[in-house]
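Think of it as A, B, C and D in the order they're written, each chain with its own count starting at 1.
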């Protein structure tokens, strides 16, 4: 019974992707991306996004974000992003690193994990009148779906990208959970990205079924000019690149990614539904993808942890918020077991049967 | 029949490593390196190297070299290295990148791909008297086995590291082909590295049987202080880290790596032996590992290429030197076929049967 | 009549310093700091600070801060500093630049321009438990006197430096207005700096009488190891270095710097005293050095501007706060004229004689 | 009697420039470049170069070169330059620093201090076919007059810039000795720079009469987009910017710079003429500006040093080459005295009167 809801990367690869990886291992193949899998990826992603693109597989989402940030911020500038974004707070100053100190992230407060166009516009207008005291804005980065378990609607994406476009700023989308957002919104990959004003996309696959494969997708292909050099020196031009490319190919084949995402989203929706009737349970945000952020009564949380459940904490300690991450392979029965356990711990409190929690 | 001798990374993973990878994919595992495979690796490598070490798996050798270079050169300095080293010439100025412009490589001419202690000492002595005009030396990096298909003997390694030690410089070893060097020298991993004065090692596995897994191994563990942050921002802390760690574990299990290397070395020795009797064939360097650098008469080269053989060119165009790379899975019969083809083309020339080559 | 109170760098050099500069221009002198003025500075500053130091003249305070930040943060880390500090907000991400993306500033809210030890300690404690998600703290930077026109008392400095010391963090002091703080506190330069736990000092002179001369002073001389290279590549090793050094020598000769600072502080105190009785005038902070931060009724501000007065705005637009900067050469009669004008505009409002302001 | 021929920056400022500096010190002036001197400089340099330009004063030539290199190499690339160039060998890896590791210099062997178009073209052609192994060329930097005491003719400049232009590379000129080159060639500043294909110029003044003032001049003004931010964070936006700007204004006023340069060049020509008749004296290069590179018989050199003369050594120790640097204020009688001393020492050798040299 799955009890690890800590993150969507505690799962291994899906059987389909693992099988494709094993099959691609046979025989020799040209190295450093000259193989057929990698070359085929360009056409496959062009088809997927209904426009010519440049696709660069990399090993991790942190690399995808760092490379994209260094490029949309080049030669020098600030990237406006959510204060809870992975790029700003979880990558050890990756934008600064990948750019050699030429790019800085500027964090913005968010509502439900999303940038507020009003705040952003005010900042950009003020920055336009400043003298050379601070790094000038050069790009905006938004995360889809968000760290808060929500999605930007198409209208919301466009509200941000139009602000950027009007000031000649580039737009990056961190799509670590792009499939989950697509599954939620029901729109096409093209609609959610370049048709909504996105220039460069961090395309995630690892969290949703791949072993380790992400990509940077350039809709504005002029921005890709330096990418192959940057990826090389960052150690993300894998010598046996077919390993990454075949994962990405299998990921998008026959809607595998969307089916995976729909399942994960549905599991999260069920978790929310199941927990909602527990007194004292509070949801700080809507649950629109595979993450449920939920404030649990402390004894419930303690009880679940004592049973071996694992979550990651969000927000400040006193808020008691955990993130329950569902994945492509979360079994429905595990979700039901989680819900039942939570209810059981809650009932025990009400009935006074609640014991002191085990030490965490 | 294998005809791709372009590089040692045209092969896929060995069956043993692939099988271990598939097995490790089962079930959930903590992410970002908190899994049992990664945690076990510390003890495994300590045993392997007969000393406590810190091991950091990364995705590629370029990442391993760049991270190591940034660290041995920190906070600011030059790294003396061979002009033909991967670090200097094949990683898009990786040392400069990973250090944010704080580290610069200084290339040295080599004999058989190896640094000359005399040249190095003279440079270091001169640098010690210079004022602040140029970047001061801070480290030395040597490649074992070399890009020229040779190995430094233990005595040769120590001649370099003693020069460094006497001037308080750190020593990095690029061990992309460490197994091949060990197989050649017959010494222990400890003898070839820290017992010979090496502080930090790029530990290669991909070229010798892994799918994509390398590691930075710190013998001087104080140097590892910033490593976890640096690896994170560089995108080499893989979320599903077990994927890398299990490859490394399987790689060194039961001497798998050494057996692989011995085979590759033996294949290269046979290639050299087989080609040596062809008139006009010349070997610019000894063949001590899995690379044969050989100057082929042009019609022989052309003839092989016309048959579908693939090599990489080395040196200047007029020298006509190719590198024939053998791997852990190069079949002996493919080597014999290659040798026979080369003899056939050479005979055709002598007998006047040689035709104009197909366009390359 | 002086009407430019915009900054303390709208003044030229003091006659004493200018005269020293002209005298030092005579004849040849070794370049790049091998001249007698520069060499003498080491002993002069050791005497001044009552301890051996290393002194590196540079052209600007931004360079001094950037170099110091790159060094105290090396090889990789975050610098905790006030959100209103010059280092964080006015130097175009200088810490990030000088370190090649290896150092990041982390801004803290302030009270009267000063870091709060409670906030700082809480942050540092939390950071100590974090995994490799964010840049780890490596140093603290405090500004003395502050941008808010206040000074840290010795006790307050030590409260900060002890927090840092307990966690092995380095301490940098931005002493752009060090003389003003010394004049206010009446303590010795040694007491205010290394005896209170400061490792590296940006020593300001330009704002208080020099033409353009600042210095980085290392109390922890081991930290100076890379300084000469860093200064060189940053273009702050001046070929005619005597130009800078002689200014610094003249600046500290016969208490010139302290007399200048006392005058500027006294002028600011008089400005505050003179404005305090105007209804609606509000002072957001104590006035302890040469800066008066004051919220002026809008018609008073408008009236002064219409007369040609110049100030810089502080805080948010609706707060109506200006900074009135007094300098070593602010004439007392100019201060009195400013006060009288402000009173006159205030009276005009009360008497209804106030006219619409000229367009600003 | 002047005996210091070590460099052209052992002199102080010329009386004209010093006087202008003192005059500009009077009264208040807006800081950070909003003063009248700085603002006037734009029009003055546009007139001087007969085209609209953007001029950014900075404190040193190293800063000018580093900023220019980071910009012409942006966002990522290599700068081809002479192996003896200041940018490559004397600025502590300044290009790498100013660009945060995004730009690397590639050194070329020179003839008489000048890049060879054949070598350069061959390199660029080879680079165009390479995959992402090494940093791609992005710019060329040439030094006018050269470190070897020569000048590129207009035709030679154009041979280089046309190679660059044909490959869409930017061209930087290090004009640390621009005035000396202009005085030699007799052409206009426009002809030597933008009309010959130069995009960005490091405009030197310090070596030829200024105290400390250089500038980056952008003929391709689009390249200046990020300059104000880059200069700021590098600490070369001086708060009392009038100090620099007035020096530059006085430098080019009434041909002051050209008269200074003509004098320095003439003194060097006379040094060469005077030394040429000494047996054993050899000149490795033509003497076309204010530098005489000369191989002196060791006893002559020793004799001069014993008298207190100072030169800088060039080339390898066994070559015995010194650089004799003449300046705007080198007195003719000092040159004659130098020549006579050299002859006297040479005669003493011939007559056996030569004594053992004093220890150097």
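The rule is short, and it goes like this: a contact is a pair of C-beta atoms (placed from the backbone, for glycine too) under 8 Å apart; a residue touches a chain by one contact, two chains touch by 3 or more.
What you see is a predicted model, and the numbers here were worked out from it, not measured in a lab.
Novice: What's the minimum number of touch steps needed to get from subunit B to subunit D?
Specialist: Between subunit B and subunit D, the shortest chain-hopping route counts 1.
Novice: Which chain has its C-alpha centroid at the greatest distance from the C-alpha centroid of subunit B?
Specialist: Looking at centroid distances, C is the chain farthest away.
Novice: Just curious, how far off is subunit C from subunit B if you go by their C-alpha centres, in Å?
Specialist: One centre to the other, that is 52 Å.
Novice: Distance between subunit C and subunit D based on Cα centroids, please, to the nearest Å.
Specialist: 35
Novice: Show the residues in subunit A shared as contacts by 2 or more other chains, in ascending order.
Specialist: 32, 91-93, 97-102, 132-133, 135, 229-230, 232, 237
Novice: Within the complex, which stretch of subunit D touches subunit C?
Specialist: Answer in residue numbers: 2, 4, 6-7, 9-13, 18, 22, 24-32, 58-64, 66, 91-94, 97-98, 100-101, 206-207, 211-212, 229-230, 232-240, 242-244.
Novice: Which of the residues in subunit C come into contact with subunit A in the complex?
Specialist: Where subunit C meets subunit A, its residues are 89-93, 96-102, 104, 132-135.
Novice: Going by the contact rule set out above, which residues of subunit D touch subunit A in the complex?
Specialist: 32, 71, 74-77, 99-102, 131-133, 135-136, 226, 228-232, 237
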